[in-house]
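First comes the structure, then the notes that go with it.
Residue numbering begins at 1 within each chain, and the chains themselves are lettered A, B, C and D in the order written.
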Amino acid sequence: MDKKTDVSILTWILVAFCVINIFFLVTGKLGFDAKGLGIITAVALTLAMYSFLYKDNPVFKIAENLFVGVAMGYWIIITWFNILKPDVFEQLIVPFFKDTGNAPQYIVIIPTLLGIFMLLRFSDKLSWLSRWSFAFVVGLGAGITIPNFIHAFILKQLTFDSLIAGSLPDSINNFLILLGVVSVLIYFFFSLEHKGVIGGVSRIGVWFLMIAFGASFGFTVMARMSLLIGRIQFLIRDWLGIIQ
Amino acid sequence: MERLLKIDRRIIFVFVAAAVTIPLLIKFDLPVIATKEVRGIYDKIDSLSEGSHVLIAFDYDPASKEELQPMAIALLHHCFKNNIKVIGMTLNPGGTGLADSAITEVGNEYGRKYKEDYVFLGYKTGVELVMINMGENIYSAFPKDFKGNATTDMPALKDVQSLQDFDFVVDLASGSSIEAWIAFGKEKYNFDLGAGCTAVIGPDMYPFLQSKQIEGLMSGLKGAAEYETLINRKSSAVAGMSPQSVVHVLVVFFVIFGNTLYFMTRRKK
Amino acid sequence: MNFFKRTIPLIIAFIMGIMMAFQYYVPHEASQSLLKVVTRWGITIAGFAVFIGAYSLFHLHWNKIKRKVPGWGYSTFVFFGAGITIIFGLYNGGEFFLHDKQEGTMFDWMYFNVQVPAGATMFSILAFFMASAAYRTFRARTSEATILLIAAVIVMLGRVPVGALIWEFLPPIADWIMSVPNMAAKRGILIGVSIGAIATSLRIIFGIERAYLGGGD
Amino acid sequence: MYKIFLTFILSILLLPYSSTFAVEVDMLIPPSDFQAFDTPNDDGKSVTLRWPSSPSESTEAEYVVYASLRKNGPFTTEVLRINSKTMYEEGSDSNFHYVEIKPGKFFNKDSDVTGGRSSYFFRLVMMSNSENVTVNEIASATPKGNWFNWKKLNNFIILIAFSTLVLWFIEHAKKNPNLYLRKISGLDAIDDALGRATEMGKPVLYVHGLNGMGSISTIAAVNILGRIAIRVAEYDTTLKVSNIDPIVLSVSQEVVKESYLEAGRPDAYVEDNVFMAASEQFPYVAAVSGIMIREKTAANFFMGYFYAESLILAETGASTGAIQIAATDSYTQLPFFITTCDYTLIGEELYAASAYLSREPLLLGSLRAQDIAKGIIITALVVGAALATIGIGFISFIFKAS
């Protein structure tokens, strides 16, 4: 019974989708070209994604798996054209076969080898070589992180504003900012029991955290709604052409 | 009353769809007033002289397109209108197509020439490594642009050696790239940085605003709408503000209504 | 063999870490050249990471198909999508992949009409769930959750144009929440998280944290 | 006739005076001193120029600096042109100008310099619309690279001090694993939830986040899973663990199996209860939600790093009436866990909980070192603000980032 309703709903939506698009194609509102067919494909995928709202269903699963595949394909091709081709292929390999006016950049061999080693991760016998590459990248990342984080996120973030500022609201705000930063840091302090003064301050820290999470909550609602608005704009403007 | 609390969520879905669609159909305008965060970016770009170089990092992918693409387009309009040279790049492979189309379309609208007035450098991976490499020498990080042209001697990049030589850098981010641009770009190589981001990460950026590590901040579709108002070119972001308002009121109503019902049924028990 | 498998990676990480950390304090030209070369290499190495992602994805779905686990049929669409995108990408509008990337090819068509709409729609689904959760589950169960919800409601209304129409003080209050309590708490979190990140980096450099090396010997 | 002559004579006599008179309106007085020196703490490309302000500075007047590779000139290469009212030395109260320039940019190295380091010579000119005056002294400097940036000294000291702290406390924790850690109240909530699940006779669901084994959140989550599994085995309830990453799956199976063994119930371990729910985000949501609804789980644990899916998972769980406990360091998702779960471990509490349970010296030691760093920052903030209030900027000088 339940399945029957699902199938009939699906059929009706498909019929409606086809009728609208055939109508648009016949009347010339959508051209029978890459652009027109592109819009129809995009609409079909958008609706397929939204079918998840009714329930998890095969149409959604097909659309999602297709998306995952296309995104991976795109990533691979873009990496070829943007990184591997200009930085490895053209600098190291092309000069051997063609006179480009540049000698082969032998130094590129080192990162290329390390990059290829990384892929050996999936081999049984040589996976240990991939560790060399990971060690290089992870060590490099760790090394540059430390001093730059100390500078940008600790020293630069520590402000020592006078608690008596130009106006009363400013003074209060300066005090609240100090209290907020200190109390949140104390909340994430694990070496002392949260009792007495420490307990009180960490309690204030919780309040600050909750207000901040409330702000994030409001902004996240805003973000998700914006995405929906964008998609509905696409459907009723670019496809149906109801609004301009 | 408990039945009201347990209604099928699909009924709520219908309400949401209606709250977004109807305001788009019956157009009504609500005043969008620019906040000082968005104004920070606008004023900075407005103060640049003709021929200045602005680097825009399109660090987002299709998942955040609806929030960040309007922002990118508004920003590009402002730059091209003021005859500023725009250099685009991305650290997100999924962002290349979106960035390329935005920069080309807006550039064409103002009759700007590729390679001379603007250039899209394309995608590089490694985030902080790319930033540092650009900070040392931009031609080392991007020897070729997205279309395969050599970047050295490109007129759009004249007088630009490294990140320091940009008059302004704007990062449009859907992830944690703004933090990286601050730590490994701005703070290391000293340039002015502006940020645009999805609303989800917007609140996390306020410490950087206060410490002046970013000049300004656009968050989410609202940020884009404010920018559209400032450059006086109202488009999809401003149009989105009326459904945004209605749907927020709906969500707030749901929270209040749901909590009232919840506490009433609990008291009964 | 253990030396090559275990010791060398730890030495590489140690040398790279120490060298790059100290490099920061040395303004000399030599140190800058080092930074430039090493980051340039890092970018190239990171470029190869795409194949790790591709292998994991394809391996996973290939196994599903091979073992005929329930729903294996859907996995074929991953290969279908990736396959045609890669073929169009390599074909490159007739120029093939050894030439520069062409514009307006079928590869771009796949991006704009499959990846962009599907990707953009994916997270907009959450808009609906957000509303239903607002109705059914966001409860002011505790005093903490109450503060959170009140702040959220003020921000939600204060940040959209309609807020000022409801009550003219809503936008300024929302702005104050953002730039004072929210800012202070986020700064506290930021400092804490940064200290954590520095500690993790130190543990990696000194070979105490080895999770990145993967399991095994 | 002689009248005209007299006027002529007079005007000639007066001429110098009248011109002096005119100069007094916009005559430029050149700065009295002009120095050039190698910029300290730099890479060896720049030179710093410094000169005292001239009393005749105005927004119309400009300073222009010409450079040459030879002491005798010619000084034709313009390397700097600034408004005379700008670029004052910091802290000099507008009494000095201080400018860094990179002369190398202006000279073609191949033609002018024959290897080695070159000295640059500079001539300062003050210009206005009507006239130019040149400072007599020619300043010279040889840029050279420096091996330590003294401006970053405080940063360097922090690096050394914090490294020492981390290493020392990890060693210390190895010898003394009972390092004190405050109780994490969320951990009691876990026991309560397990107790209730036992009473109800319904299964417990443990949901992993999306990140792989490389992430510290996942490592922490696995540590907590081990503890939960021991309790579950003791209480004799069913534990289901959903995974999205194959490596996390195999680690989790291992951990749960070991925990059952430790609790003396290896027979109760069912491998299929630790399973791969899906491999992509939304199918994972669909699969996990399906389990919650079908099996009416009594307690749900969400541990690790979550993304947008957190909202749907926690909402479904709340609607089935399960007790829910979340622990994540993904700050953007925390608001949704806090409003839908009965207890939430926030951010670093996740790591602390895992250190508390596992007693691993690596985790304990570095947590203690981080606490000490936080303690120093808290003290500095409080003392610094207090001193700043009474007008002493000592602390902000120590922590100055430059």
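Structural remarks
Rule of thumb we're sticking to: a contact is a pair of C-beta atoms (placed from the backbone, for glycine too) under 8 Å apart; a residue touches a chain by one contact, two chains touch by 3 or more.
Here the structure is a predicted model, which is why all the values come from computation and not from measurement.
Think of each touching pair as a link: the shortest run of links from chain A to chain B has 1 of them.
When the C-beta contacts at A-D and at A-C are tallied, the pair with the greater total is A-C.
Note on chain placement: the centre of chain B and the centre of chain D lie 21 Å apart, centres being C-alpha means.
The geometric centre of chain A is 5 Å away from that of chain C, both derived from CA atoms. If each chain is reduced to the centroid of its CA atoms, chain C and chain D end up 18 Å from each other.
Of all residues in chain B, those that touch two or more other chains are 6, 13, 16-17, 20, 64-66, 93-94, 97, 124-125, 129, 132, 146, 148, 187, 200, 203-204, 207, 210, 222, 244, 247-248, 251.
The multi-chain contact residues of chain D, meaning those touching 2 or more other chains, are 152, 155-156, 159, 282, 319, 331-332, 335-336, 338-339, 347-348, 374, 377, 401. Shared interface positions of chain A, defined as residues touching 2 or more other chains, are 52-53, 61, 64-65, 68, 71, 74-75, 79, 81, 83, 87, 140-141, 144-154, 156-158, 177-178, 181-182, 185, 188, 209-210, 212-217, 219-222, 225, 227-228, 230-231. Contacts between chains leave no pair untouched here, as each chain touches all the others. Residue ranges on chain B touching chain C, taken from their complex, read 5-6, 9, 12-13, 15-17, 20, 30-33, 35, 61-66, 93-94, 97-98, 100-101, 124-126, 129-130, 132-133, 136-137, 140-141, 146-149, 203-204, 206-207, 209-210, 222, 241-242, 244-252, 254-259, 262. Residues of chain C that touch chain A in their complex: 1, 4-5, 8-10, 12-21, 23-25, 37-55, 57, 59, 71, 74-75, 77-86, 89-90, 97-98, 100-101, 107, 109-128, 130, 134, 144-145, 147-156, 159-160, 177-178, 180-192, 194-195, 197-198, 200-202, 204-205, 212-214, 216. Residue ranges of chain A in contact with chain C, taken from their complex: 34, 38-39, 41-43, 45-46, 49-50, 52-53, 58, 61-77, 79-81, 83-85, 87-88, 107-108, 110-112, 114-116, 118-119, 121-122, 127-128, 130-150, 153-154, 157-158, 173, 176-185, 187-188, 205-222, 224-225, 227-228, 230-231, 234. Of all the residues in chain C, the ones that touch chain D in their complex are 21, 24-32, 60-61, 122-123, 125-126, 129-130, 132-133, 136-139, 141, 144-145, 148-149, 152, 189, 191-193, 195-196, 198-200, 202-203, 206, 208-209, 211-212, 215.
Listed in rising order, the residues of chain D touching chain C in the complex are 41-45, 145-149, 152, 155-156, 159, 162-163, 166-167, 170, 213-214, 216, 219, 246-247, 279, 282, 308, 311-312, 314-315, 318-319, 329, 331, 335-336, 338-340, 342, 347-348, 351, 362, 366, 369-370, 373-374, 377.
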